[in-house]
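Shared between the two complexes below is chain A, which has chain B as its partner in the first and chain C in the second.
Now for the complex of A and B:
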């Protein structure tokens, strides 16, 4: 066998009878598996998931499900095609032996792979005090079980719901609860809802939205303690400003933690910030060397994006999981010259208080903001974020049809402030204002995009500087 | 010199098959000569311009209108304010939103769906009518079916009393004809007829609105006239121009969609046969028709608010843009085998209903009307044959479709 033939042969062999293992049987895992089959992978495919359910969709959990318009059990992801996999559901992966190419499972089994895809996502950050977090009536919202439990608690008609943390998920929960007529208090450590994701200017708009819809919004405060009654049900929460809120349902919505603990000691570059990988979704080991058989996709991945100065982006976005899974699957079955980079422009949507919010690009990189169309007070607008003289992101409130244009502006590094006028330009769109992101050295909850920076050019860790 | 491109597009000689001309046009994605409009003919360029906030739909932003042969709009010479079709945000958004409240989601998610039975009844009635005329050797599918159907639908939707429908048909026909630049007609007569019709229609609608304000029903006119939502309420003039828009835009386009559809199916008997056996196929068929033979061929009413660059061409501020949707729909850079009518295409996309904030308001209704009409015609006409190919077309290059569609058939199935 010549070298050439064996190289070709290796890929052919992999496609024909190789073993591919996917850990994390949710959105990214399922989409990757479907793509692999589509690309002619005929070998064995093992899907490992610690949840006992078939892959399901999470965004409805904080929207339709809480509104009572859908049930958590019925959000299974639509299948694009049959994947003919060996499903190992309800059992976690607990370890990885990179040298032996083996995944260890919680039930003692071991599964060998030729290629491994890690798509273990993130989990809700729990309430820091375990005892308080275990009180009846205290919830987080990440899984189908969480959604079911919360839905049940809401169906019982709580007197007051307390939402801790006003990021996207917290705000959506508050919105759904208001729509159902419950009294809602939202406690947020930052100065406004969504500040981490969209900055203070837009945060103010969001704050108005909460208040106008009857949310008792408390900003700049922390919940210091949850208090239960003798039966172990949550009864009240104590706040850092000395006040107390009586609530029988408390939803802890403090962002997410990456599911990487199972990789501790494996030698893979996995930690609390996710699993670093290259633009082609190949994971790094702890020495910073890229692996050739381990790929990463979805919320758990952290990958450099050429368009944003090669910053490593961790994106907890539905669309990112789908696109990255597709790229990973393609690359897993391709010769190196045929591999593709994951060049997805970050995009996110949310719906709350009847408003459709969408963003493209990386808003937290923005230092300035300009309202290009519409008006903040009408809560119908397009605003763009500027960073070092270029457009880096855009957000729309009830105005998403224009978004493709702004996405193109971001992709082509168009200048900021944009030198042209647009339809529906108002006086407030004449001058950029500071986007007003909180100083990253002051902790604030709920960012959906966390940026951190290894630049491939200097390989030094640089913290994102203060915004003011 | 200016108008060489325009003249070709408007030239009746190209009406039956404008696609070779479009193919020629696409060699230059943005064509321009003299001081005529900038003509954009490729898919991706059109698609991005439809989402470009530097492009206006408000005629006020045109530097010089020139003698644009297709520029005469629906409101020409009338006292009605422009409909939201010809407005930019925020006015456009407000009016469209208010119009949408009684029409579609989120506030009225079931309106179009719930009309299905009524539409079915209209379709059956018209086809029964064809059967009773007796002469199946020559049926004009336009006059006997595709034309009366959408007008009846819009009447029901707006809440025009049944006994007034005949008058509505006449106005609709006159106004539609006025959008049809007829080189042989005496221009003053032509224009005057339209003005009169518009005036009469306006007065009729005004009376109806008055009545509905006192006695609201659950028709759209009542809801437009009495709405008092977060956007406030519409002025009488706004209700008038909106309902006139719904009448014209909602009907002339659907006529052509159905007629172009039947013509295409008659040219593709295998697909017609499949549709006869499976009415559900009408869904992808209508989508593919919107790509392959869109009833709105081009959008001649956009202008630039600022200098912009498109496909390497710098278009100055205040320039007029023509977006040739039908050409974009056959762009080989976007579609494999674009000149092939193929309802089995995966993921059928098109510019047939526009895109962006002005994307067709009536799309859900138009789709439903066309799906029902085509599947019922396919099911009930026995052995239909095209009598003239190509059939005689309307003059209009914008709202393109056959004026008559003569067919013969062996019988009408019950």
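Now for the complex of A and C:
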């Protein structure tokens, strides 16, 4: 068997003196590189990143950094091991020649590869009006530089902060600003904060949290225009309901866009929804044929998941970046029979208004919701999402120790509503209620899980491309 | 030193917040906030926190500078491979 496996020696050759290029020097790219070295890859490793910094951690940027407990410049990720890489930082990849196995860089350089890993992630969706978005005092929050700029603006003591979009990031920013005592307005196009990710029932709980903590929350409205003063500083925002909000700091939190433009015309199956890959992280080309030498991991990937009807999921989750990077790196250095599927159960966390929100599974697939433990009014609960008679997701507010239990329920496709009735008192009753997700064709900040169904019998999650 | 906490894994046991209160702090009942780049003099506290975490959620990388700080017999042994991550 061993002899048969190494019959052409290609894999051994790759491990010994091959060239691996990783495009994207953030969490997924770094962890993949570490795994490759752990698995004995001794060839050349090139890390390409458009930001001039070594890999750093992004979640603190909307939490510790805004609260003043940490500094944006000091969030570099700890290394699991040395990776002995040729770092090309501050230079974006601008093109891919699949036939020649070559990545083009923004400075004109070209890097050849035997195996390529794409982990270019996402970027913050900018304010659609470029001129207004360039006003001083208008921010997005995704990168270290963004965090540093916002940190500085908050240190100057703004009179009012306007957050546009109440997804997880927007809500965390609003929470941190309130904690520091600034007046905060949040404008959300949907009916409630977090509604795209967790649905209307939980969204209502989030809305109460905003209001109780003194956020001026406006839902069902759009910001139609940002107004600057003669010095080019933002002064006010005009809303679709005719009102005006005076604010000297505006944070645009409208979700993310996938960094795939550099692959346009390359023949790889990449677009605004991300890069389609198989369960083993191998990228598809535009003809739907899986490539042998190009792998994808992290926020930019879109891969089928057996637990969720083989839908292609793209997950903007920290844990997904780590797990998928590990699988991609393993598969890049394995014979086909030794490859592993990426079957991570989606999981994320958020911390806002002093409440720890965590989730497993795919809440936006859920049609029904049942509070299993605790109660919504106390903001301490476990709520389970049901889809076609099975448990598909769970969310906890300050009750995270139960999540591994529900993760197991999801993995074993346990029935919904769950049959056990005695785990807790249930002030909200034992009858599931509609989870109340908005019509996905209505634009809002995106959920952090994007579904793209393939069967007309499935719940319709139509993808609406952003106009930009 | 650099550190990162896998907050998917963290279940809010708060052991780290007791052992290294200048680096880890609970925010509300269950959320954890931490400084991703703690000062060298926190090394012993942070190492205790890493060891005490019931779910093993803390990844720590010690830099050469951390190794220079107040060497103890343990740390000298650990310093053999510089930047000993775990």
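Here is the rule we go by: the second predicted complex is superposed on the first by the 441 of 468 C-alpha atoms of A that agree within 3 Å, B and C clash if a C-alpha of one lies under 4 Å from a C-alpha of the other, contacts with A are read in each partner's own complex, and residues count from 1 in each chain.
By our rule, a contact is a pair of C-beta atoms (placed from the backbone, for glycine too) under 8 Å apart; a residue touches a chain by one contact, two chains touch by 3 or more.
Here the structure is a predicted model, which is why all the values come from computation and not from measurement.
Asks: Based on the superposed arrangement, let me know which partner A:356 touches: chain B (first), chain C (second), both, or neither?
Replies: Touch partner of A:356: chain C, not chain B.
Asks: So in the superposed three-chain picture, is A:311 touching just chain B, just chain C, both, or none of them (first/second/both/neither)?
Replies: Neither chain B nor chain C is touched by A:311.
Asks: Which partner chains sit in contact with A:401 here, chain B, chain C, both or neither? Use first/second/both/neither.
Replies: both
Asks: Going by the contact rule set out at the top, does A:372 touch chain B (first), chain C (second), both, or neither?
Replies: The first partner, chain B, only.
Asks: On the superposed three-chain arrangement, identify whether chain B or chain C touches more chain A residues.
Replies: Touched residues of chain A are more numerous for C.
Asks: Based on the superposed arrangement, let me know which partner A:291 touches: chain B (first), chain C (second), both, or neither?
Replies: Neither partner.
Asks: Going by the contact rule set out at the top, does A:76 touch chain B (first), chain C (second), both, or neither?
Replies: In the superposed model, A:76 contacts chain C only, not chain B.
Asks: Need the overlap of the two footprints on chain A, from chain B and from chain C, as residue ranges.
Replies: Residues common to the chain A contacts of chain C and of chain B are 380, 401, listed in rising order.
Asks: Under the touch definition given earlier, write down the residues of chain C that touch chain A in their complex.
Replies: Against chain A, chain C makes touches at 1-4, 6-8, 10-12, 25, 27-37, 59-61, 83, 85.
Asks: Mind pulling up the chain B residues that touch chain A in the complex?
Replies: Counting only chain B, the residues touching chain A are 48, 51-56, 88-90, 93, 305-308, 356-357, 359.
Asks: For the complex, give me every residue of chain A touching chain C.
Replies: 57, 59-60, 63-64, 67, 69-71, 74-82, 318-319, 322, 347-349, 351, 353-356, 358, 380, 398-401
Asks: Taking the touch rule as given, give the residues of chain A at its contact with chain B in the complex, in rising order.
Replies: The touching residues are 372-374, 378, 380, 382, 401-405, 408, 420-424.
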